[in-house]
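Below you'll find a set of structures to go through.
Each of the two complexes below includes chain A, the first together with chain B, the second together with chain C.
And now, the complex of A and B:
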C-alpha cells in the first residue's frame, strides 16, 4: 500500500518535472557549448506559466478542433505516460499493448495535424504535410523494435516486456541496445528535433513542428508545449529503460537504485541531445529518409535477433 | 570622374543600349529621369573605366519599354512609373514597385511635369498566378518572424518544390531621393549614409565621390586611405554577419554564435577608425571627419587578431560535410542569367561575373590599389559562401596593408560653399553587396535637382527570384541569406 502510494507520488512528480528539466537541460547544454550562460534549467516552467496567463488569439476561420486538439493531445500523452513503462518505478496500470501505445501516439499526431490544417494558414498546412510524411516513414522503426522485444518475450504487453521478472530478455543485451537506439533515433524525428527540424529557428519555411503550431497562442500554446515536452520525456525514458536493461547486473538491483539510474540516464540523454544539436547541421529535406533508415536498420537487426532467438 | 551628357533620341536609345550590353565590357548602371521630361541612362564601360550618361528627351509620358529586350531594365522602368509617372509601352509585367495601394494613383513624387494620361486609375497589384493540379501558394510577409525588414514573398509551389517566386518590395519607401534634393548639400551626407544603414560607409563614400566629381576636387591622399579602410571594415563586418546567418539557417549553432561574437570585433575596428561602430558621420565630401591617427596601430593589431580568431571558425564551417551538402547545388544562378540581369557583388562573382567596382572606378585608393578578386562559377549557395569567405580574408589583409601605407597629411580638402552649376556627379563604389551608384544632377545655380541612388540590391533581387525556382521550399531561407539583400536599400 505504502509502496503503491510512493510510486504514484514519484510518477506524478516525474510527469510534472521531467519534461521541464529535460528541456531545460538540453537548452542549457546548447547554451554552454556556445559559450553563453543560458537560461535557468526551470525556464520552460516559467515560460509555461507566462503563456498560461496570456490572452489568446484564435483565427476566425478555425473550428472547435483547433482548441480541442491540444487538450486531446495532452490527455493522450498523459494516458501514454501512465501506460508506458518509461520510469523504472510505476504505479498500477492496466496492461499496455504495444500496438495500442504506438497508435495512441498516432492519434495525438492526427489531432495536431487537424489543428494545423484547421486555421487555413499555408504554414500550418505544409507543416502538417511534412509531419505526416515523416511519421509515415518513421513508424516502422519504432513499431518493429518494440515488436522484436515482444516476440522475444512472448507477449505484446509493454509492462510485461519491461518488467524485471521477465527473464526472456535478461541475458540479451544486444536487442535492448538496438531497440534503445532505434527509439532514440526515431524520437528525434517524432519530436522534430535536429537534424530533422531546428527547434530554435524562426524561419517558417523550414519548420515542421513549429509551423504546425504557429497559430496557437496563450494557454493553448502552453498545453501544446507541455504535451510536446512530456512526449519527449516518455520517449527518452523508454530508451533509457532499454539501455539500462542491456546490463544484466541492473536487473537484480534494488528499485531505488534503478530509479536513480533512470534519472541519471534521462539527464545524460538530454545532455547528449544538447551536444548533438550544437554540432549537427540540419539535414536537407530530401536527406531525411536516409537518417530514418538508420533507425529502421536498428529495429530490423533487433527483429533479426528476435527471429533467430525464436528458432534456437 | 566628371560626366558628360550625351543627347540620344528615343529611337536610337534602344539600339545603342543593346549594343552596349553586348560588348563584353558594357554594363548598365541605372535608368532614371531628372524631372519626368527625359530619360537618363547611365552606362558603364569596364575596359576604359568610364561612365556615359545618355539623356533622352521625352514628349509626353510614354516611351518604348526596353525590358523585353534587356531584362535588367525591368525594375528601373517600374520605378520610373512610380516616381515620375512615365509609362513604358510594351513592358511585359508592369507593376508598382515603390508606391503601394495606399498612395493616391496620381501621386508621382519626383515628377515636375503635370500628368494627365496615366493608366490604371487604381494601384492594384497582381501576383503572377500559377495554375494547375496541386499548385498552391504560400504567402510570406511582409511581416516576418525574424527582425528583418518588410517584403512579401509569394511562392507558387508544387509539393515541396518552388515553381515560381514573386517578390514584392516597397513597404519601406521613405522618399530618400526626394529628401536629398531638399536638404542643403552639406547636410546631404547624413541622409545619404542612412539610405541603407548596414552600408553607411559605402553610401557616404559614393556620396562624397559624386559631390567631389561635381566640384572637380579630390580628397586628400590620407583621407583616401582612411576611406578605403572604412569600406573594407564594413565589408568584413557584413561578410562575417552574412556567413553567420548562413550557418544559423542550417542550424549550425556553434558557427553562427561565433560569427555573431566576431562581428562585434569587426564593429570595434570601425569604432577605432571612425569613432562610431556603424561608421556614421565619418566620410564626407572632401575627406574624412575623424582623426584616428592614435588608434591606427591598435586597429592593425585588432585586425590581425580578428584574422586569427576567424580562421578556425571558417575551417570548422567549411569542413562540415552536411553543411556543404546543404549549400551545394542550391539556389543556382547560371552565368548567362547573371549577365542578362546584371547581377553584382558576391552574387555576380559567384556566377562567373568578374565585375568588382574596386577594379574600375575611382573611390578611396581604388583602382590604383587593386585588391584580389575572387570569381567562382558554380553559382550556388556554396559558391557565394566561398566568395564571401575569400573576400573576407582578402579584406582583412587589405586593411593591414592600407594601415601600413597610409600617408601623413591633412584629412580634408577645403570645400566651396556652392556646388558647380549644370553638372552631373557620379560615385560608383563597391559596397559589401556590390556596385553602389550615386548620381547627382545640379541646375545652373548649383542646386541639386535630382539625386538618384542605385543600391546593389536593385540588381540582385531578381536574381533571388530566379535562384529560388525548382528548389525546395525549405531551402529558400538559406538561398535568401546567401544573397543577403537589402530591403531599405531598394525601397529608397
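And now, the complex of A and C:
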C-alpha cells in the first residue's frame, strides 16, 4: 500500500516535472554550445504560467474542435504516460497492448491535425499535410521495433515486455539497443525536432509542428506546449528504458537505483539531443525519407534478430 | 537463443555497417562507413589469429587496417575532391529502399547459410559465412543501384571484403603470401579505377555510368 502510494507520488511528480526539465535541458545545452548563458532550466514552466494568464483569441471560423482538440490531446498523452512504461517505476496500470499505445499516439496526432485544419488557415493546412506525411513514414519504424520486442518476449503487453521479471529478453542486448535507437530516431521525427524541423524558427518553408499550432494562443497554447513536452518525455523515456535494459547487470539492481539510472538517462538523452541539434543541419524536405529509413532499418534488424530467436 | 563469439559478432557488425552504407547518398559518408566496416574485419582477422595459432594473421590484420580502411578511403576521397563529386543520387531504386532490401538480403543469407556444411574447428562457422555472403550481396546491390563510377569502386570493395570474410571464417587462414598478393591487387585495382574515373571525368565531363554508352562527338 505504502509503496503503491510512493509510486503514484513519484509518477505524478515526473509527469509534471520531466517535460519541463527535459525541454529546459535541451535549450540550456543549445545555449551553452552557442556560448550563451541561456534561460533557467525551469523557464518552460514560467512560459506555461505566462501563457495560461494571457487572453485567448479564437478565429471566428473555428468550430468547437479547435479548442477541444488540445484538451483531448492532453488527456490522450496523460493516458499514454500512465500506460507506457517510460519510467522504471510506475503505479498500477491495466495491461497496455503495444498496438493500443501506438494508435493512441496516432489518435492524439489526428486531433492536432484536425485543430490545425479547423481554422482554415493556409499555414495550418500545410503543417497538417506535412505532419500527416511524416507520421505515415515513421509509424512502421516504431511499430516494427516494438513488435520485434513483443515477439521475442512472447507477449504484446508493453508492461510485460518491459518488466524486469520477464527473462526472455534479459540476455538480449542487441535487440534492446536497436529498438532504442529506432525509437529515438523516430521520436525526433514524431516530435518535429531538429533534422526534420527546427522547433525554434517560424520560417514558413521549414516549420511543421509550429505551423499547426500557429493559431493557438493563451491557455490553449499552454496546453498544447505541455502536451508536446510530455509526449517528448514519454518517447525519450521509452528509449532510455530500452537502452538501460541492454546491460544485463541493470536487471538485478534494486528499484531505487534503476529509477536513478532512468533519470540520469533522460537527462543524458536531452543533452545529446541538444548537442545534436546544435551540430546538425535541417534536412531538405525531400531528403527526410532517407533519415527515417535509418529508423526503419534499425527496426528491421531488430525484427531479424527476433526471427532468429535472439542474439547474444 | 544464438550465442555469438567475438569474431562472429565483429563480422556481422561489419555486414550491418555495409548495409547502412547503401542508404546514404553522400559518398564521403560511404567512404567513412567502408573504413569502419574494414576496421571491424581487420579486428576479426586479429581475433582469428589466436585460436588458429597463425601469428601471421596479426600482420595481415595490420595491413588490412592500414591499406584497406585508411589508405584506400583517403585516396578515393582525394579523387572525389579533384573531380568535385560528392553525392550519388542513385539509379533504379531509391537509396532508402535499397538499404531495406540489403537488410532483407542479410536475413536471406542468414537463412541460406543454415543449410551450408560448415568446417569444424574454425573460429566462426555459419554466422561468419552469412556475414560474408551478405557483404557480397550488399556490394552487388550497391553496384546495381548507383550511377557514379566512384560508387562502383566502393561496391566492388565491399564485394571484395565479403569474399575475404567468407574465406577468413571458413578456413584456418590463408598463407601470408597469398593474402599480401590479394591486398596488393586490391590496392592497385583501386588506384587504376580511381585514375580511370579521373580520366573519364576529364573526357566526358561526368562520371555517370548510365550515360557512358552515349557516343561523344
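As a working rule, the second predicted complex is superposed on the first by the 309 of 312 C-alpha atoms of A that agree within 3 Å, B and C clash if a C-alpha of one lies under 4 Å from a C-alpha of the other, contacts with A are read in each partner's own complex, and residues count from 1 in each chain.
As a working rule, contacts are C-beta pairs under 8 Å (C-beta built on N, C-alpha and C of every residue); 3 or more make two chains touch, one makes a residue touch a chain.
Bear in mind the structure is a predicted one, so any value in this text is a computation, not a measurement.
J.: In the superposed arrangement, which partner chain does A:194 touch: chain B (first), chain C (second), both, or neither?
T.: first
J.: Look at A:286 in the shared chain and tell me whether it touches chain B only, chain C only, both, or neither; answer first, second, both or neither.
T.: first
J.: Can A:123 be said to touch chain B (first), chain C (second), both, or neither?
T.: first
J.: Would you sort A:35 into first (chain B), second (chain C), both or neither based on which partner it touches?
T.: first
J.: On the superposed three-chain arrangement, identify whether chain B or chain C touches more chain A residues.
T.: Counted on chain A, the partner with more touching residues turns out to be B.
J.: Look at A:300 in the shared chain and tell me whether it touches chain B only, chain C only, both, or neither; answer first, second, both or neither.
T.: The answer is second: A:300 touches chain C but not chain B.
J.: In their shared complex, at which residues does chain C touch chain A?
T.: My answer: residues 1-4, 16, 19-20, 23-25, 94-97, 99-100, 103-104, 106-107, 110.
J.: How about chain A: which of its residues touch chain B in the complex?
T.: Where chain A meets chain B, its residues are 30, 33-36, 122-123, 125-126, 130, 194-195, 198, 200-206, 277-287.
J.: In the complex, go through chain B and note every residue touching chain A.
T.: Of all residues in chain B, those touching chain A are 136-140, 145-146, 157, 160, 249-254, 257-258, 261, 320, 322-323, 325-326, 472-477.
J.: Inside the complex, what are the residues of chain A that reach chain C?
T.: Checking each residue of chain A against chain C gives 171-172, 289-290, 292-294, 296-297, 300-301, 304, 307-312.
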